[in-house]
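Listed below are the structures to be examined.
In what follows, chain A forms one complex with chain B and a second complex with chain C.
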Partner chain A sequence: MIGAFNLKKYFPVRGGVVGTQYLKAVDNVTLTVRRGEVVGVVGESGSGKSTLGRMLIRLLEPTGGEILFDAPEEEMVKYREALESGDKESAEMISRKYSLLRKKGSELRKLRTRMSMVFQDPYSSLDPRFRILDVIMEPMISTGYLRGEEARKKALDLLEEVGLPRAFGNRYPHELSGGQRQRVAIARALSTDPELVILDEPTSALDVSVQAQILNLLKEFRRRKNITMVLITHNIAVVSYMADRVAVMYSGRLMEIGDKDDVLTRPKHPYTMALISSVPRPRPGEARKRIVLKGDPPNLLSPPRGCVFHPRCPMAFHECGWTAEEVAEDINYLVQGKYYNVFGDNVKVIPLQDKVKVEGANPESIKKVLEVERENIRSLTAVKEVTEDSLLIIHAFQEPKLYKESERRSVSCLLYR
Partner chain B sequence: MEERTEEGKYSNLILSLKVFFSNRTAVAGMVIFLAYVVDALIMQFDPRLLGVTNPNQFTYNFVNPVPQPPSSQYPLGTTYPGINLLQAILEAIRVDLGYSMLIVVGGAVIGAVVGILAAYVGGYLDELLMRFTDIFFSVPYLVLAIAVGFALGRSFTSMVIALIIVWWPIYARYTRSLTLSIKESVFVEAAKAAGASMVRIMFKHILPNTLPPVVVQISLDLGSVVGVFATLAFIGFIPNANTPELGYLASLGLNYVQSAPWTVIFPGLAITLFALSVNLMGDGLRDVIDPRRRS
Partner chain C sequence: MERVKERAKVLEIKDLRVSFHTRRGVFKALRGVDLELYKGEVLGLAGESGSGKSTLGLAIMGLLPRNARVESGEVLLDGSKDVLKMLRDYGSRDVKFDPRKNEKLIKRLNKELREVRGRALAMVFQEPLTSLNPVLQVGYQIAEAVYYHDPMRLVRRAISRNRCTQADLRDLMTTLKTKGEEALIEEVEKRNLRGLEEQILSIWRRQDIHEAKKEKLILSLDKHKLDSKDRLGISIYLRGLQRVPVLGRLAKDALIKEGYRLAVEILTYLGIPHPEKVVRMYPHELSGGMRQRVVIGIAIVNNPEIVIMDEPTSALDVTIQAQILELVSSLKASSNRSFIFISHDLSVLAEVSDRIAIMYAGKIAEVGPVKVIFEEPQHPYTKMLMDAIPTMDKTELKAIPGSVPDMRSPPKGCSFSNRCPFVMPKCKEMEPPMVEVSEGHKVACFLVGERK
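The block that comes next holds the complex of A and B.
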């Protein structure tokens, strides 16, 4: 149905001493959605999932990459292979045919009838000066899908379908409750009978009791109209209830994608494991093996090199992208703290290019410390060797790609190379 | 069900009225403003009700041109040349009110379009339009109005045009700032996702949402425009010497101001009272649209 290939969105951040920097909200995300499928996109705040959703229906222009809309499965596969093998010609041919990004003006407007979006906050997504009926009619009228009396009739029918009385058509949004407004937003999204609906956290602004109603409503529509959905959420429970497949995002990148049950019960990526372990389970008494991540999500202006998750990853190893700064910081922490007795006052840890210089320390004792602490402090695994003059050489790193773990499962982690 | 809907429909209006009427000075302002409006309407449609035969000109009395103090025959006295001040003020209110409305609304419409265009389209157009408004801002308004009026000639039309040119930049800045915040709202994004065109978003979504604060601004401005309009008439921009206009009326008594101060005081008072009333009313309206003041 829709496929995003190496999709990127960099927001320019101006000012400051360093000049214009780019915030990498979405970086190299590849995701294909089959017709009739519900794909859940999960991730914490700031992981780029909303940005991804907005790019999929062209509310935001991607900085790079390609989106194919309404392309048959084989073509998508072909396009992906062409990209991987560097076959520009056939890639160009496919993208010319299906590219969503090349559509302009009236062509794009026509496509807008085939895809729509439900926004997170129903309190701000409805124009306060529009009557409910006008809100629902808007997509039909602005795309020319239906006009006048026909559009009106359809809007009233839709009101009924989403479980609201027809009389609500003459009300204004502020007269409705949150759940009712979200129903209106869903009616608006469905008014042009789209094949693809992007749901951007459709329930997170609602009361728990209302959330279930909205989800059931969406499920019902999906069953009846065979609508393809991209469900963006941070709520694992919502995904497990609604989705067929799950994509996990972290810091603008795709970490893992696969069938819902597979991903939720057997997470492969260390980040997914931590994410899933954070979900409370209704089993009293059962011990929960919760993986608590240390640190914060990375700064998107200068994300960690290699795998973006490596500084927080409990399973990270030498190739994950450790920098001299990261290693130096951890060593400094050990030298100044836990091993102060061994090293004393005169030790200086200086990060260099892919090396860390430890001044005033005996290489043998450094080696010993590394040996002991390696299991706890993952950055130390990146030290390849310690030279005679206490120079710590850092391993070369590798950029992770999406590795096919099984037929329908891909993981972006070097563990699954 | 039907009944509930009706109730819901008007609850917002009722709340607005409650907020407005709880502010006594605003109500007083509105009463005075309505009195002016009623007077203007009577003068327009049936001046005989107030004993005026021709509201388009002053009734001179050259038999006794020297200003008379207020008496039972002339409640506000007379001004040179023998004009009944009360009657003259009642006539002049129509002209002042009408032209002020025209100026403010005209300025607001132009300003709103410029402001929305600048903010929504952004980029170079925004730069261009806003620097253009800055130029108009940088010239003192009275000087600009006199210059434009001088260039266009002495007529009411040129006076109105001159003042609209003076007045639109405020509205351009105001709607621009409002648009900048509204255009980031989710419902605008939703309209984009629905395939709405730029023009539709600007004028169907953004414009109605900027309207309430702009209306308040209009009501506040009405007072100052009357003052400026009267000022221009006072210094002689009036095309026809026999036009009932408050500023011109005040200027008629200028030579007698020491011996007959009422000739200047009463027309001036009419202007001041109007400015005061619309300002009070505008403050009340501001409370109505400010969500923090309504609870």
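The block that comes next holds the complex of A and C.
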């Protein structure tokens, strides 16, 4: 149905001492959605999931990459292969035919009837000066899908379909409750009979009891009309209820994608594991292992090198992208704290280019500490060797790509190379 | 269950009724809430938006806005202190409600409650960015909380550290190592160095550093002497001259400076890396999880008995939420504090609470131990709520039809009657009373009373 290939969105951040920097909101995301499928995109705030959703229907222009719309599956596969092998010519051929990014003017407007979006906050996504009926008719009229009396009739039918009385057509958004507004937003999204609907956090602003109503409504529509959906949410339980496939994002990158049951019950990427284990469950007293991640998601202006997740990853190893600064910080922490009795006061830890200098310490005792702490403090795995003069050499790193873990799942982690 | 009964009540709420007078009518936010909180427990307060759970939190703190009328009820701290007495005396009178008059009372109440807040009660709000002051350093905000509630603590800390000698510290260190923490506190009293013990213990209780390092840090406490300006400031404070314009500033500066030291200790305790740097930062420089830790730090710095947390994790991501929940559990374990944890997310409450109260339309629908509430809920609303929460293993969600009633004119009888599948004629006529079905498990529904 729709395929995004190496999609990128960099937002410029001007000012500051360093000049213009780029915030990599979405970086090299490849995602294909088949017809009739519900793909859930999960991630924490700032992971780029909303930006991705907006790019998919061209509410935002991507900085780079390609989106193919309504291309047959073979063509998508061919395009991906062409990209991987560097066959520019055949990639160009396919992209000319299906590219959403090359569509302009009336052609794009026509495509707009085939895709739509439901936003998170039903309080700000409906124009307070429009009557409900006008809200629902607006997309039909602006794309020229239907007009006049026909559009009116369709809008009234839709109201009924989303479970609201027809009389609501003459009301204004402020007269409706949150759940009712979200129903209106869904009716508006469905007004041009789209094949693809992007749902951006459709239930996060609603109460639990109403959330269940909306989710069931969406499920019902999906069954009846075979609509393809991309469901963007931070709520993993919602994704597990709605989606067929799940894509997990972190810091603008795709971490793992695969069938819902695989990803949610047998996660492979360390981040997905931690994410799923930290979802609270309504089972008091249930004994389970929760992986609590240290620290916070990284600053996207200067993301960590190598794998973006490595500084928080409990399974990271030597090639994940450790820098001298990261290693130095952890060693300093050990030297000052836990191993203070071994090293004393006069040790200085200085990060250099891909090396860490530990002044005033005996290389043998450093080696011993590394040996013991390696299991817990993952950055220490990056130390390749300790030289005679207590210089710690750091391993070279590798950028992880999306690796096929099995037929239906890809994971962006070096563990699955 | 037995243990719950033994515990002392720290807070008791009796038949609390609060309504908000607005231009669009009188909203009855709380309609007769009875609840108690025991020492050392986490009470989860669940409910949808508009159920009155936040209003209840604010009412306990005495932080109601001017248009809130306390119609009846009591909030008893430690079984005696009636927090809302002043407002209730006005609100229960049968006169036309005047928000301006109420506001004056609230101002008086605030002055009176300054004593209580901080030391007995503290609150953590949902959005950490709005509850922190953006133009003040994090350390200052923690220091200020102590400065206003317990300035003498800062004075004691500063003076005791200034007075102690290396010999004192060595002796105290041996006492601590051989006889333990209580003996240390006694020894400190004996040497007239009160205020030093918390500084020693905050280092001693750290988990992240080696014993030798702790010892060294404790022994170097006497190196941090006061400079002449701070000494002057503190002596001004002790002579009661803090209200004199210029001198007052000197006194406050000295005490706040001491507060920064305390802030570093608190932040270390809360697991914030590089606390010495963080206290000099402004809220916008911190991430959401760190900000929430700072807010929790401000709440617990005065060692309150009760901490009310209003949706403390709702604005955070799941992985950060997990960190904060972990922190709350460890705070509960390490002290005998009681928490009221308000959340709309039942799953979060299942993780942290000992007991749960479910609110609906300004009343408690059901209250009981967590296990009972999740495994054998009795109230139809609780049951339906459980079926409506999406979880990772559910394949079907049963939505609750309809929506919350308009609180300007709540329905007669049971407020859930218009959405309840088991509704009976009498539900529309009378309000169901709270019935105790088992030890500590109370339900407000006729179905339960019937069966008994």
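The definition used in the following text is that the second predicted complex is superposed on the first by the 411 of 417 C-alpha atoms of A that agree within 3 Å, B and C clash if a C-alpha of one lies under 4 Å from a C-alpha of the other, contacts with A are read in each partner's own complex, and residues count from 1 in each chain.
Operating definition for what follows: a contact is a pair of C-beta atoms (placed from the backbone, for glycine too) under 8 Å apart; a residue touches a chain by one contact, two chains touch by 3 or more.
What you see is a predicted model; the values in this text were computed from it and never measured.
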item: Side-by-side fit of chain B and chain C on chain A, or clash; value: fit
item: Contacts of A:P128 with chain B and chain C, given as first, second, both or neither; value: first
item: Chain B versus chain C as contact partner of A:R283, first or second or both or neither; value: second
item: Chain B versus chain C as contact partner of A:G337, first or second or both or neither; value: second
item: Which superposed partner A:I236 touches (first chain B, second chain C, both, neither); value: second
item: Chain B versus chain C as contact partner of A:E175, first or second or both or neither; value: first
item: Chain B versus chain C as contact partner of A:E44, first or second or both or neither; value: second
item: Greater chain A contact set [chain C / chain B]; value: C
item: First (chain B), second (chain C), both or neither touched by A:P12; value: neither
item: Least Cα gap, in Å, left between chain B and chain C after the two complexes are fitted on chain A; value: 5
item: Set of chain A residues, in rising order, touched by both chain B and chain C; value: none
item: Contacting residues of chain B [partner chain A, same complex]; value: 1-2, 5, 8-9, 11-12, 185-187, 189-197, 200, 205, 208-209
item: Chain B partner contacts - residues on chain A that touch it in the complex; value: 54, 57, 59, 108-109, 112-113, 116-117, 119-121, 124-130, 138-139, 142-143, 165, 167-168, 170-172, 174-175, 185, 188
item: Parts of chain A lying in touch with chain C, wherever the complex brings them together; value: 44-45, 177, 179, 207-213, 215-216, 234-238, 240-241, 264-265, 274-285, 290, 292-293, 296-297, 333, 336-341
item: In the complex with chain A, residue positions of chain C that touch it; value: 48-49, 208-213, 216, 287-290, 317-323, 325-326, 344-348, 350-351, 353, 370-371, 374, 384-386, 388-395, 397-401, 403-404
